[in-house]
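Chain nomenclature is as follows: A, B, C, D, E, F, G and H, assigned in order of appearance, with residue numbering initiated at 1 for each chain independently.
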Amino acid sequence: MRRLLVGSGAAVFAVLLIGALLEPLPGGIDLRIAVASHMAASGVEHPVTAVLLNFRGYDTLLEIAVLLLAVIVILAGGLDPAVDRPRAANPILQSLARLATPPMIVVAVYLLWAGAFRPGGAFQAGAVLAAAAVLLHLTGLLPSWQRPALSLRWGMTAGFLIFLAVATGLLAQGALLRYPPAQAGLLILLVEAGLTVSLGLILAGLFLFLSRDPGDEE
Amino acid sequence: MTGLILLPLAWASLAFVLGPGRGKWLAIGGLSAQAWLAFDLAAKVGAGGTALLHPVGGWGAPLGIDLAADGLSAVMLLLVQCIALPLAIHAGAYFKRGDAAGAYFWPLAGFLIAGLNALFLSADLFNLYVTLELVGLAAVGLVAAGGGAQQVAAALRYLFATLVGSGLYLLGVALIHGAYGTVSIAILTPLVTSDAPRLVWIAGGLMLAGLMVKTALFPFHTWLPSAHGNAPAPVSALLSALVVKASFYLILRLWLGPLAPLTSAIAWLPALLGALAILWGSWQAIRAERLKRLIAYSTVAQLGYLFLIFPLLPGTDALEAGIMQAFAHGLAKAAMFVAAGVIIEATGRESVMDLSGAAGHLPLTLFAFGLAGMTLMGLPPSAGFLAKWLLIEAALDRGHWGLVAVVLAGGLLAAVYVFRVLRQAFLLAPADAVVKSVPRRLEWVAFLLAAASVLLGLRGVDLVRLLGAGA
Amino acid sequence: MIDAIGTLLPIVGALFYAAGTLGLLRFPDVYSRLHALAKADNLGLGCVLLGLALQAEDLAVSLKLLLIWPLALAASSAVSYAIARRAAHLGVKPWRRDSP
Amino acid sequence: MTSGLLFASTGALLFALGLAGVILIAHLLRRILAFNVMGSGAFLILVGLAQDNDIPDPVPQAMVLTGIVVAVAATALALALTRRLHALTGEVELPRDEA
Amino acid sequence: MMQLLERVLSFAGLWWLLAEGHRDGWLLGGVAVVAATWSSVKLWPPRAYRVRLTALPGFLAFFVVNSVRGGLQVAAMALRGRRALTPGLIDLALILPDGAPQILLTYTLGLMPGTVGVELADGRLRVHALDVRLPVAAEARALELRIAALFGVGA
Amino acid sequence: MTANEWLPLAVLASSLLPGLIIFVLPEGWIGLRTTLNLVGAIAKLVLVGVLLAGVAAGTEYGVRLAVLPGLDLAFKADALGLLFITLSAVLWLFTTLYAIGYLEGAPHRSRFFGFFSLCVTATMGIAMAANLFTFFVFYELLTLSTFPLVVHRGTDKAMKGGTIYLAYTLAGGTALLTGIVWLHHLLGHTEFAHTGIAAALGPEQAIQLKTIFLLLIAGVGVKAALVPLHGWLPQAMVAPAPVSALLHAVAVVKAGAFGIVRIVYEIYGVEFAQALDLLTPLAILAAITIVWGSFRALFQDDLKKRLAYSTVSQVSYIALGVALFGPIGTIGGLVHLVHQGIMKITLFFCAGNYAETLGIHKVSEMDGAGRRMPLTTIAFTIAALGMIGVPATAGAVSKAWLSAGAAAAGMGWAVWVLWTSSLLNAAYFLPILWRVWFRPRLLAWPDEHIPARPWHETAWLLLLPPLITATFTLAFGLFADSPASPLAWAKLIAEREYRAQRSDAPASPPHE
Amino acid sequence: MNSIDLAIALFLLGNLVVALVAAARGPTAADRMLMALLFGSTGTGILVLLAQAMGMPTLVDVALLLALLAAIGGVAFAKRAWQGDGHD
Amino acid sequence: MSLAFDVLLALSLIWSGVRCLSVERLDRAIVLFIAFGLLMALAWARLAAPDIGLAEAAIGAGLTGALLLDAWGALKRRRP
């Protein structure tokens, strides 16, 4: 009964919504023009990065806080005791991890660097770093994180703190996160570099703090 | 204005770096500064009579994000800091060293407060979504922190509710953006008219529905009692006093702002749900077995009042009534949860029936509970009374006698559950009752919050004046 | 000439992909399906990449395209080993002609 | 129909699907999947609707990136809590709420 | 030392490829190369086995030709369906030494015609062959020799 | 802030501050607590004295504080308010003394005296309220601060009584609130003013005004224990004796009665109320209450319950006086506000003494108590006779003015009501007096706490207050014409209430 | 826009969908793991073709990333998720 | 041609979405969800949003999939 009700409700909703989507809309504000005309002052050449770190950088600041928060919540929820089960390593997969990790690092830095003028950026770079960590962990080359050591906590927070410090420091320019056009590029790079490392650690932490059980292979 | 956001972000993340269980003084210091900033902001807004604007990044809407502080924001910010500071002091004494539930309390609470402040200051629908998530996830974390199965289950229930809520809200924002190309509230407000395309109507409905889920409006309240009723006392207090108010504030913002041309058709819906919430929540509170669950259900009921104002908007006294109720309930409910925490800590029992004799052992706490109860019942001279007064006057102004009846009935029902606790507490203690001593600081915080909720009733005029500024 | 090859190669690659999918559908057990995917699809990918690399104007871009191939090869090779090994460990018997 | 609108409509369907899933499905892991489907739907609408004429608009793209990060955070958190619940009770569904 | 240089160079090459020749990114590129080299040293300390660059082109050619052959073979079998298959497991005794050579063998065998590695242990490699009637063992041995040449080890 | 402004606040503070301090005092600090209580009570008396002198001379005391735009917490000390204030302040002192004696050694005394002081503060606030809003604020505060006193013993029975008390008073408060907000909505304010404010609305709102009147009277009627809203009063008898005294004489029922006075005179205005045909129904209601209360009292064996029903009846004398259109009735009603308080508190003190000294709770156990406790019993006798209305007691004065007022207002039936009530009063008090003085003691006292010694029948702190109030009962009857008597003050009030309408406020006692 | 490349991409997509269905329907858990292979090869192929067809060379980066990371799903499946639970 | 591609992509997105919520077995659901992520990445490519495509690919392939599979394995292993 419930299924039927919710299901038909969702179906009706979807139909209504699609119907409304297909209606012609009055032209609204087109921000593409505004973005394009301010690109020069944004410090980067890629519009999405300009929006993410300059025009709407404040969103990103809070978003990083959300991500950091997720790790804290996981830690606060309490970590299960890690299961320590001896197991043989799989040399082929290990070698894959060994082989793939250094290129992943290069790719991560590349994405960070590319973010300034083409798709890429701190989040994607951090995700690649985290993926490398996950791969290493899955193949048994990186143990799971038992507790957040001080250095790890610093690492995970540093990016956010740098961002926060830059945002606060720029208050001197008259507004939060108001980059002076001349230094914008460098500051954004600084922030992104910090974020890459921290995001990598945070995203890796999401996996490495959670995954306490090495599986039952062998 | 930005300090209110940056400070808690800073102390929260630094508290995390400091490590489990640390950061108390950082938090209390930061909160003190924030309280000063909030009062300063209120003074500025009140003096200027207009909204203060801060274009982040210097771009200004629609390209950038604007922060805006008008009377309404200033009031809510005051509420947050005024409740968070005493609760921080309370939590400092509540969580023992090595307490699993308290290990990450400070960073979580810091992000929660930062999220709340950011939410109250933001004038950008998408940015509001991010702040909503910040608040929601921090709140979930606080519920789950170090808890047992019950807490984790409650946290999960809460998590999914809050995620669905923000999901609906996000879709609404997406549709609004699709229709108008901007998410700035100030720019949208003149653009949305009553002949807006259907998309915008759907968007409005989605946003409001999502926020109602987050505010735990009946019948979306099912997550609230377990979340608020199972968390540690300072957490319950934060959640009940502040977090649910955030989404209510946002509903109000939308209702009075961009969605105003669309809402007249559905103005009675929230009021109807609110009325049901009052009746149902009170009824459940009257039946509840555990003290904290009783208080949590009381929150469900009290939130109902907030929604009674919608058919009365925009009208004299209606907004004032809602905000006064939010403020009063915030202070009182914080006091009540803190008091309940003290009682449970001292007696080691959780059920209402086991409270016998508490009045003798913990007179100050019970007094605080009673004062807070006064506010919830809407008895004079509490702020809750002023809210009720304003609400009844606003309803009479429009000739809505039904609302008057609901308000009055709600007050009586509140009396039933409040006195259910008090009379139990006044009963003679069973001979075998063992009472632990608790830090006096815990009791005093409850008392201060409760007293504030009552004494605010004497200075309601300031709040109303501030609310009128820049609206 | 190079243009022609550049246009043709992706089509050939697509055929290899199709063959891989066909193998996936028609082969009887997980091991043989593994062969189909690991070999045919990767060869398909190689053809596509090479074709596109030939089409690209910029040398760096075409080299980048070609770079993808070894990465994909290494990954699929390792993963197919892992799958086969895991299947064997869990007692998945290879299909035999005489056993239906 | 432009591809923007097509994907926006797809997003609408996915959102409705995910929403119904979150409401109906009791198994927590599946519910997390449903939530992600729902979020993806909303993201598709956000970008798709803004992207008629096939000219990319960076603002909604940036918003979706932000949204994805938030969704990842929420997903990880939900998974962590689910695992915790399972470790404590052996259940993968929420117990009934007390009366 | 030479090995280190090789790695540095190869990562630098990777960067160059990724950056599509842009030159203004070399500062970060340097960081990337250093980090990658450091991690590679951590993960795979320089050991006895060294790839002989002179043998590399021959090996690559051999590999490409065989993987094309493998693809063609599988495609042909796929078209004929299961009628074409006579699958089975074959145990190979390896002559290559432990470590990198054996691992490379397992990798490449997975892309060679008709075989995929199933289990590498104790100097033996079990493979799954699509058609046991084909000269699987012989081809594997040929590959082993190639790899031995590549690493400059006796086979 | 001028003296005229802070004096009313000081009256409030004189009990509020000691109360708040007492709350946080540790249980064992008896000396400080007693000192605080007495200092507060005496300070209040002094302040009230100053106010009395000032008001008699025509000074106006008042202060207001904005709570919401258009809504003030406002106080004024006028003649009517002072009548009540003086009564409460004096009786508070005696009750406090009595309570100190009564509760010696009992647990939770800090809590008790804290709420006790709050309760008096609320009463003062009610008396000095300058508008209905303020009145309501303190009216509800009174409810809240008396609840812990009613349930002070913490037994199940106490809790039951307390719960019933709450249910009645909170429901009444809700009705009152509705009426007040409605009125505020119509008028824009609810200030008390001589000759009322409701007349400004005109006849087209008559129905609304009548409904509001009903709500308001229902609201205050609960505390005034008007039938059928009186059910809580006998139940609340479970409270300790000083609390009963407080409920019946000093604060609660008086607050209700006082509210009726304020509403009829200063909200509606007696003439406008008459014009709306509100007074006669009120008078009838009061009459029913008077007779019903007395009638029920006849059948109570529990002494305090009998006294409680007596209160139900007696307090409605005030309402009746108010409802009798004309200054004579007004004077009768107002003076009874004081007289009933003095007499009833005496009775409760005595009842408490019997219970506390000998364990007597029932009328049937009182045989021969007069010889064991002569002083208490003398006080009891005087007060009981006053209740009946025997000449030379305060009660006689009230009844005389009320009867005259009824006659003057053309409501001859009310005179019969008073007579009936007096007969019933006699019927339930005289048997008690007969028992205590003339029946020999048959059995042992149920629970004798304090051994008999010559001239020390019980603790002095328990004995003195009833003796003094009994003396007052006689004095107010004998010296009713003195300028310092309550009667004189009631005349002053009536004069002021009616000044605007007519100048024939009677200067001489009416014909009896 | 290069329509041949797009056509090939479409063809590959169809291929991918059919293969996905097949893998999802497959009798053993190992068949599910084959998907990881599919992403690595077919997904990457579609992306590079799209890059060419839409004239967006940056999609090559996406393809590269996919090729690099597709293995993780398979590894995770093999290492963590796939147990002999009687259904295989 | 591009419309055909888009329609096919949209249909397969919906298919995988529906199936991943409705299939009986959890491992299939999770794998289908990973496939859904891949298709989303393709959709982002079609919507000319390579940034999101990158993020989706990195997160979907690298992190979420691994998290889900790991969680599933853990839930299964601990089952009493």
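Just so it is clear, a residue touches a chain if its C-beta (ideal position, glycine included) is under 8 Å from a C-beta of that chain, and two chains touch if they have at least 3 such contacts.
A quick note: this is a predicted structure, and the numbers were derived from the prediction, not measured.
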{"item": "Fewest hops from chain C to chain G - one hop per pair of touching chains", "value": "1"}
{"item": "Pair joined by the larger number of C-beta contacts - B-F, G-H", "value": "G-H"}
{"item": "Chain centre separation in whole Å, for chain H relative to chain C (CA means)", "value": "21"}
{"item": "Centroid distance [mean C-alpha coordinates] between chain H and chain F, Å", "value": "78"}
{"item": "Gap in Å, rounded to a whole number, between the CA centres of chain F and chain E", "value": "103"}
{"item": "For chain B, residues that touch 2 or more chains besides their own", "value": "126, 130, 133, 137, 140-141, 144, 152, 155, 175, 178, 181"}
{"item": "Residues of chain H touching at least two other chains", "value": "2, 30, 46, 48, 50-51, 53-55, 58-59, 61-63, 66-67, 70-74, 77"}
{"item": "Multi-partner residues of chain G (at least 2 other chains)", "value": "23, 33, 51, 58, 61-62, 64-65, 68-72, 75-76, 78-80, 82-83"}
{"item": "Chain G to chain A touching residues, read off their complex", "value": "58, 61-62, 64-65, 68-69, 71-72, 75-76, 78-80, 83"}
{"item": "Residues of chain A that touch chain H when the two form their complex", "value": "48, 111, 119-121, 123-124, 127-128, 130-131, 134, 138, 203, 206-207, 210-213, 215-216"}
{"item": "Chain C - residues contacting chain A, complex", "value": "71, 74-75, 78, 81-82, 85-86, 89"}
{"item": "Chain A - residues contacting chain G, complex", "value": "90, 93, 96, 100, 103-104, 107, 111, 114, 118-120, 124, 128, 131, 134-135, 138-139, 211, 215-217"}
{"item": "Parts of chain G lying in touch with chain H, wherever the complex brings them together", "value": "1, 3, 6-7, 9-10, 13-14, 16-17, 20, 23-24, 29, 32-33, 35, 39, 43, 46-47, 50-51, 54, 56, 58-59, 61-62, 65-66, 69-70, 72-73, 76-77, 80-83, 85, 87"}
